[in-house]
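In the two complexes below, subunit A is the common chain; its partner is subunit B in one and subunit C in the other.
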Partner chain A sequence: MIKTPILQVDNLNKSFGGVRAIRQVSFDLMPGELLGVIGPNGSGKTTLVNLITRFVKPTSGTVAFKGQKISHLPPYKIVRLGIARTFQMVKPFYHLPAYKNMIIPLYSPRMKQLAGGRYGDRDAIALDLLEEVGFERDSHVAYKPAGALPQGYLKRLELAKALALEPDLFILDELFSGLSLAEVASIVPIIEKIRLQGKTIIMIEHRLKELFRIADRIIVMNNGQKIADGLAEEVMENEAVKSAYLGAEAD
Partner chain B sequence: MFIGTTLYALINTSILALMAIGFNLTFGISGVANFAYGAIYILAAYCIWGMINLLQLPYLLAVAIAVLGNMVLGALIYRFVLLRIRGQALSEVIATFGIGLAILELFSYFGWVGFEYTLPVFSDRSFIIAGTYIDFQRIAIAGFAAVLIFGLWIFTHHTSVGLAFRGIAQDERTALTFGIDSDRIGALSVSIGAGLAALAALFIIPLGSISPGEGYDVLIKALAVCIIGGLGSTGGVVLASFIVGFAERFTDTYIGSHWTMIVSLAAILIVLTVKPSGLLGKQKELEERI
Partner chain C sequence: MKKRKERIDRGIKARSSDIFALLSWREMLYLSAPRMLPIIGCLTLPLILGPYWQKVLLSVAVFALLAISWDILAQTGMVSLGQALFFGVGAYCAGVMNHYFGLSPFITLPVASVLGGLICTLLLLPVLRLRGIYFSMVTLIIPLMMVRVIEATKVFGGTEGLSGMTPLPSIWIELYLVIAVLLAALFGFRRMMDSDYGLILKGISDNDRSVINAGINIYQFKAQALFIAGSIGSFCGAFMTHVYMFVGMPVFALDYSILPIAAAVVGGPGTLAGAALGAFLLVPMSEALRGLGGLRIVLYGVFLVIFIIALPEGIFHYMQRKYQQFERWVEVEK
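Then we have the complex of A and B:
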């Protein structure tokens, strides 16, 4: 059986004034795939995510999800179709306990859709989801105010919020940034578990070593363009990629 | 005299809180400063007056129609005006102020001013409390303000729906990330604020009369209370209403009524100088743009 792509990005362009942030980017993503997107700072990775989720309107080009064109829909409708994203800069409600931070995703229209209008005990669902991303149940971390939690837990919380939407496609924007090696090591299995459930994942990362261990495929961005697309080993041997990274380091 | 002044100061506090709570709620949920608020308050009063006196409708029906009508008007203002200029604070202020001006000046043009333009009191009864004469309407205002504000506070701080509402209010990005149409929440916020303005008018207008000038007065008082308390903070509205409410009455009794306005304005001036975000207001964090 030939699988059809879950996400099709076709000739996407975005200009901010005179700056061409994204140029002619196209790629397909198969269901269950884990795609890593890498590239030097300012290469357009986050803009690409913003274009797919329509937080930013494309100048031209289309994005289709499960065969349906989505690039004309407002962001909240795209979420309801089953795309969840996390942000590089997390913004939890610092004064609320971690599990109360789950309130918004758990009251979202997407959840209502999935639950057929019934929600059940949301605090219990919140605690279950937090346990899934590594909030140990007996340690009571979930009851602490989000403001008192270390960065590792805030990123897990961000992940749990995305999980609550039960999306088919996760877009994780620099989930690992600002985390220690140990913290990253403890989050990797959670991502692998999400994958085993057949979910499709796009990860934007700077932490290449960790990313390469779990990604099926890597796209390299530079100056708004896709300069390489393939297996991790192939991509890193690519001359254009080498010069993009070395060039960026030489700056 | 002291006890009497205190009682009337408490009632004045309730009036101010009732006037400000709708404006504050709209701002607290969606960040929209609805400068048509005073006009909407007056519009509701004229509508109720017209339905009772010109159309001979029963009082409660007239009230229900006016409150619902105001809520629809609020949603329409959001949908057809604010939606297009969302996020540009100055444009929002100018547009809503323009709408308010149009409504109020229309009534001025009709010349609907005078003592006959007022709403009926709920009951003619009055009481003597601690030697001070207080009519039923003022007691109703105090009671309603207390119940309304306590109810709103419970809703926004202790129910999950209310917390979610506030969460979305604080951060549009969060709303969009979780599939919530922030424009619907915005329309709802202006709509609820307009409905509260109608309720405030229903309670407060019977103490005086309906006039376009009152619309500007209500807007200024709502603004003063919200600025002193901290825009968007329910606790701030209560605290600021107490400060202004007591300052006004005590100035009136012990210094002279012509000083009342000066005391309120001085309070704004001092607060803006010392704590620009208001007594209980939270300075907006600088956010990285996405």
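Then we have the complex of A and C:
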């Protein structure tokens, strides 16, 4: 059977005033694929995510999801179609207990659309989801105000919020940054589990070693352009990539 | 020796948070007192006050409602400087229905609340996208524009206004009607803000990006909050139209915008109860100072500043803490 791409990004461009943050970026993503996006700071990775989810309006170019053009839709409608993202800067609802933060995605119209989606008491579902991402069931962590949680738990909470939406495509923007090796090691199995359910995942990462272990394919961004696309080993042998990373380190 | 203040929940707070509280009178009383006292207070006040202070009570209740309306918007992240818009639109709705169509106050009041809420929502719909101070500025300007529009077009009696409205049958009906609406709004909307729906509203003010990211159309929720706040404010205006038996340009006066904010800030924003409490303090205080002429505003301002400096969290939060926790000084260990 020939699979059709779940996501098609076609000639995307974005300028902020004079800054061309994204230039002519195109790629297709197959269902079930885990795509890693890497690149030096300021290379346009987060902007690319913002363009796909339409938090930022593209200057030109289109994005299609499951064959349907989405680049004209407002962001909340894109979420309802089944794309969930996490933010690089996690900003929880600080004064609410962690599990109450989950109420907002659980209140989403997407929950009502999904036949056979999770239903029942939102608080109970929230606690279940938090357990899935590693909030220990019998500890009080889930009941603490989100503002008092350490970074590791905030990132898990962010992931749990995306999980709550039961999306078909996850876009995780630097989920691992600011985490210890042990914390990363404990989140990787969660991501692998999501994958086993056949979900498609885009991961933006600076932690290359951890990323390469799980990614099927890597896209390298530099100065807003896609400079390489392929298997991890191939990509890292690419001259343009080498110089982009060397250039970034020399800065 | 360095010391720090330690706050400990009262035992009764923990005990009464469970269904077993129902087994003990003391614990049931602890739970119900904060709700029963204001209800009993509001219901008995009209009986013990003289005619002058009964009138003051009317305006206390109206400002309490306006402060609640302000607080609902503020909790949704929309800081309004224009409660006078809601008040004025409601006032004119009731005035027009009564003056031109002869409708009874018992019809104009509910209709003006809903209609006023709708008109205010429609007026502000185009600026829902504005955030922070930009939204506030627009809400400040619109009531001022309404005054000029009425002045220039001479609609609805122009600068003269409309007089000879039907009053409510008696002061008692006025008093108990507005108190009933106040209590219903206070407890009803407090419950709403604590529900999952309210959580979405508060989420929008905290971090709207994160709410959008849950597939929620925040403009729909903001419009709903506007409608609720607009309806409460419109009820106030409609009610006062029948109390004064007059509606005119003063209904868009700055007082109706500023006093509710002062009440909410002094009482403690974010709880609705604090906003109402603030009105119960500020409005009578302003009346009591009335004899002082020009000095009144100065003294009033000084009181406000003292309150805000001494209790920046607001009176309601302070009282709530005292009720649920006790404090003691403990030595800081080295």
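Here is the rule we go by: the second predicted complex is superposed on the first by the 246 of 251 C-alpha atoms of A that agree within 3 Å, B and C clash if a C-alpha of one lies under 4 Å from a C-alpha of the other, contacts with A are read in each partner's own complex, and residues count from 1 in each chain.
FYI, a contact is a pair of C-beta atoms (placed from the backbone, for glycine too) under 8 Å apart; a residue touches a chain by one contact, two chains touch by 3 or more.
Since we're looking at a predicted model, the values are computed, not measured.
S.K.: Let's test your reading of the overlay: on subunit A, do subunit B and subunit C clash or fit side by side?
M.R.: In the superposition, subunit B runs into subunit C.
S.K.: For A:79, using the defined touch cut-off, is the partner it touches subunit B, subunit C, both, or neither? Pick first, second, both or neither.
M.R.: Touch partners of A:79: subunit B and subunit C.
S.K.: Which partner chains sit in contact with A:185 here, subunit B, subunit C, both or neither? Use first/second/both/neither.
M.R.: So A:185 meets neither subunit B nor subunit C here.
S.K.: Which partner chains sit in contact with A:231 here, subunit B, subunit C, both or neither? Use first/second/both/neither.
M.R.: neither
S.K.: Just to be sure I read the superposition right, which of the two partners does A:105 touch: subunit B = first, subunit C = second, or both, or neither?
M.R.: Both partners, subunit B and subunit C.
S.K.: Quick check for you: in the superposed arrangement, does A:148 touch first (subunit B), second (subunit C), both or neither?
M.R.: Neither subunit B nor subunit C is touched by A:148.
S.K.: Does subunit B (first) or subunit C (second) touch A:50, or do both, or does neither?
M.R.: In the superposed model, A:50 contacts subunit B only, not subunit C.
S.K.: For subunit A, give the residues common to its interface with subunit B and its interface with subunit C.
M.R.: In subunit A, residues 55, 74-77, 79-80, 84-85, 87, 91, 93, 96, 100, 103-105, 107-110, 122, 161, 165 are touched by subunit B and also by subunit C.
S.K.: Under the definition above, what is the set of subunit C residues touching subunit A in their complex?
M.R.: Result: residues 196-197, 199-200, 202-203, 206-207, 209-218 of subunit C touch subunit A.
S.K.: Subunit A touches which residues of subunit B in the complex?
M.R.: Residue positions touching the partner: 160-161, 163-164, 167-168, 170-171, 173-182, 287-288, 290.
S.K.: Could you list, by residue number, the parts of subunit A that touch subunit B in their complex?
M.R.: 46, 50, 55, 74-77, 79-80, 84-85, 87, 89, 91, 93, 96, 100, 103-105, 107-110, 122, 161, 165
S.K.: Give every residue of subunit A touching subunit C within the complex, in rising order.
M.R.: The touching residues are 53, 55, 74-77, 79-80, 84-85, 87, 91-94, 96, 100, 103-105, 107-110, 122, 161, 164-165.
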